[in-house]
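Working notes, structure below.
The letters A, B, C and D name the chains in turn, as written, and every chain counts its residues from 1.
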Amino acid sequence: PELLAAFQARIDAGEKIEPKEWMPEAYRKTLIRQIGQHAHSEIVGQLPEGNWITRAPTLERKAILLAKVQDEAGHGLYLYCAAETLGVSRDDLTEQLLNGRMKYSSIFNYPTLTWADIGAVGWLVDGAAIMNQVPLQRTSFGPYSRAMIRICKEESFHQRQGYDLMRAMATGTAEQKAMAQDALNRFWYPALMMFGPSDKESIHSTQSMAWRIKINTNDELRQKFVDQTVPQAQYLGLTIPDENLVWNDEKGGWDFSEPDWSEFYEVLKGNGPCNTDRMEARQKAWRDGEWFREGLMAHARKSAARRVAAE
Amino acid sequence: PELLAAFQARIDAGEKIEPKEWMPEAYRKTLIRQIGQHAHSEIVGQLPEGNWITRAPTLERKAILLAKVQDEAGHGLYLYCAAETLGVSRDDLTEQLLNGRMKYSSIFNYPTLTWADIGAVGWLVDGAAIMNQVPLQRTSFGPYSRAMIRICKEESFHQRQGYDLMRAMATGTAEQKAMAQDALNRFWYPALMMFGPSDKESIHSTQSMAWRIKINTNDELRQKFVDQTVPQAQYLGLTIPDENLVWNDEKGGWDFSEPDWSEFYEVLKGNGPCNTDRMEARQKAWRDGEWFREGLMAHARKSAARRVAAE
Amino acid sequence: EHDLFTGLTRLGDTTLILGHRVSEWCGHAPILEEDIALANMALDLIGQTQLWLGLAGEVEGRGRDADALAFRRDAWDFHNLLLVERPNGDFGVTLMRQFLFDAYHLPLLKALEGSTDARIAAIAQKAGKEVAYHLERSADLVIRLGDGTEESHRRMQGALDALWGYAGEMFLGDAVDERLAAAGIMPTPESLRAEWDRTIDTVLGEATLVRPASDFAHKGGKQGRHSEHMGHLLTTMQWLQRAYPDAKW
Amino acid sequence: EHDLFTGLTRLGDTTLILGHRVSEWCGHAPILEEDIALANMALDLIGQTQLWLGLAGEVEGRGRDADALAFRRDAWDFHNLLLVERPNGDFGVTLMRQFLFDAYHLPLLKALEGSTDARIAAIAQKAGKEVAYHLERSADLVIRLGDGTEESHRRMQGALDALWGYAGEMFLGDAVDERLAAAGIMPTPESLRAEWDRTIDTVLGEATLVRPASDFAHKGGKQGRHSEHMGHLLTTMQWLQRAYPDAKW
């Protein structure tokens, strides 16, 4: 209890906790879950975008998308490394992803059906992600905080590129504009869901906020996201699919409809449009790659043995 | 030797040999090889056409192509049945195809690169096949002869459809016409090769002709094919890729250039553009289908056992 | 009229996409008899597509024929069931998809034979004969493979489990379905469920396969919301018409 | 000038098609590091494509830019090597294809740095830095997997055997190559063989892999005669540009 009080005091003073320092087991576990899920999301998040890499309509757009997906895999790597400092291996985490014990962000269980969806993912999904992540740059766990600083920089670049793609579509031919609007229609509510259910519903929030693993409430962030996004949509000439969307002078923000939380829980249960396909894709990649990973390990063992023999 | 003389006398008299009758071992072996190769050709022949089924440009063309490929698989079935009457099982023959001991027609080692190739295959490849097969309706082995009668009827239908496709291309847009000409350029010499090297080079021919397993010489059939095809090409406004093509009044036929026989032997050796892909496709189909075939057999055994138990 | 167009494209798009998927097997089936049977089934389905989409184009009256509808629309304008756009997988998945569909397709066509629209009744009658054979064949194979080896059983059960979530959409009506049913043109999807359930239970029983408990149903295909697989299928299917829009074939 | 256009499309089409093939792996690689490396390599290759095809379009002077060349030609107008259009296969095939190509690509670019055409020399210089890294990486992995487990060895040898017949085309010159070489614009393909052979022999040796004896070489890609795989690749790659020819992206 004394340790605990000291630990909390350090956090309250804004100090960073480093891997080798003492921390409560629950803090460690919560962080592993949160960082692991975040890492898994980066990995699975390659799939909906990868779905259009081979169909990107120009060389420039293809290059941008490749760079983005590469960054995401890189984010996955930083985050697994951050998690590893907490004593869990990347292979452990991967196994938990593949057997379903760990989750990834539900947003990636929605399909990318048109090229405009690639824009919507950048604009809305990365936009929501950044909204979640910016405060986490100030999170209490050092490695996580540092990974977030790096990630946020790249993400905001992605978001601008997504918005630019969306702009090209929204100002293009009638068909392109229709694709852009359709993408917004399909991604709007799933993006709102990315902040999680209202904090009133959330059990873990209070402790996580005390530990500065979570900085803002879900509702705060969702409001911020809506307030940021509405004028952007207006600028594009696109309509947010919410009849109840109205400016509220009093709160200085937009009133908006809640997403359909039953859909959220359905997707979480595994019944999203792509849950099965996503998991299968990752499982297949892992299974098909087994010989490769074992080959590399065997070579490393042989090389080490040769070095020893040569000494 | 008496048996042999009597056998030859029956053939010379135009009688059909039936499976249960006596026949020389060499006759049986030669027939198995010939019928088996022909059957394999029907099977492998599905692949170059199947390559465009999923890209057929209209529903009608897609239906025609599906019907054609279905017929070809059907021909394969008749022919394997004819071969089975000679005491070799379909599985045996298939194994010999897959391990490379038996061949299929080299023409199917050429790729179908444009939609016009589907026309060229029907017009030229089926055309050459018919030229080879029509005389075989009168071949001495009964089951083979009967299979050929049925096959020829369907093949000439295919040829007409191929020619019709070619006509649509040759009278279409500039791009379509270019595809048609290019298809003719690529398939002309391979089609000429389908009759085999000049009979002067061929060892087996004399015996096969005496047995009426082979009816015409390769050169006769090739000449006939050229004479039939040249006016058809002219009608389409396409140019046969042979500068030496010239009408020879004396022989009442066209003089033409020999194909490049070194290419023929190269393809035979396995170095055609598609040999590896074709064999891999068939091997994969066979390998992937193992569980299916075993499942059916297991069920048949169970059902039989149940019937016995019920009696 | 717009309802009728939608209803007809639901029928024709479904046969088109399934026919396309089946045709992908060409030359790659596990035995020669299956090569023949699959080509034959694809042929029937493409033939039915010509009739359904041909009529849809007529009803629409904007000069689009069956080919224009098949080859010039993008994914969101297709109204096929999600089930038929599922990738082929192994032969067991292809077969199970076919069986789940055939067992619905046949009662659908039987009901359509009683349509107040004589053109629809005529198409349904012709197609019904073909589909009766499809069902006979797919049911028989499901039984033989379900009750075959351990491996064939495992694969068929796996296929059933994987596809089950896509079966429910066949029986989910929307406002279009209701209006068409009210006019006696097409049956409500819900009305086809009982016979389907009977067929499924009988065949799965004989096949020693276990009917999945979940009744969750993916939906959206009929309304034009497809899976990621659909777009890839169209890149192939529509290639020539897209690359050479001025050509006649 | 037409020769130069052809020569440049041979370079640009080859990087384009290989970049496309590599990009097909996105999200499916055996380890995260490979996901990153493959995306990076595809990115480099697409970047080089923009430069080569951009210059080709300039040289042609008919108003076609790199995108028009990449997305609006059909298969027979592409001049890439057959090697790079081979399907990805397992990761071993992808890697071996990359290694066989990298070992040729680097000396090619080094030679192009000395081109009499300054624009070509400049592109080659930039690309050479990227490709030096590609070769380092692919050679290293070939060694590690060739001399890894029995299975990884078997797969790498299988990949080598399967791809070997497509390597020879890299060193087969035609009249266009000769004229470009005579003008000091590009090297003859034959002149690149010795260094390639050295690299291959060294790396295969370390990898305990056996160099195939056959010197048969498939050819035709450089002249626009491709494999059946090419047409399928284009249906995907060119889909949007073909389906929406009036759009700007």
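In this text, contacts are C-beta pairs under 8 Å (C-beta built on N, C-alpha and C of every residue); 3 or more make two chains touch, one makes a residue touch a chain.
Remember, it's a predicted structure, so these values are computed and weren't measured experimentally.
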| item | value |
| --- | --- |
| Mutual neighbours - chains that touch subunit B and subunit D alike | C |
| Selected interface, B-C versus A-C, where C-beta contact pairs are more numerous | B-C |
| Chain centre separation (subunit A, subunit B; CA means) in Å | 57 |
| Centre-to-centre distance between subunit D and subunit A (centres being mean Cα positions), rounded to whole Å | 34 |
| Contacts with 2+ other chains: residues of subunit C | 74, 235-236, 239 |
| Subunit A residues counted as touching two or more neighbouring chains | 55, 175 |
| Pairwise touch network: line, ring, star, complete, or other | other |
| Interchain contacts, given as pairs of chains that touch | A-C, A-D, B-C, B-D, C-D |
| Contact footprint of subunit D on subunit C as seen in their complex | 74, 232, 234-236, 238-239, 242-243, 245 |
| Complex contacts: residues of subunit B adjacent to subunit D | 48, 51, 55, 111-114, 175, 182, 186, 266, 271, 273-274, 276-277 |
| Partner subunit C, residues of subunit B touching it in the complex | 43, 46-47, 49-50, 53-63, 66-67, 69-70, 73-74, 76-77, 80, 90, 115, 168, 172-173, 175-176, 281, 284-286, 288-300, 302 |
| Subunit A-facing residues of subunit C, complex | 74-76, 162, 165, 216, 218, 220, 225-228, 230-231, 235 |
| Residue numbers on subunit D that touch subunit A, as the complex places them | 16, 20, 23-24, 26-36, 39-40, 42-43, 46-47, 49-50, 53, 66-67, 70-71, 90-92, 143-145, 147-149, 151-153, 155, 236-237, 239-241, 244, 246-249 |
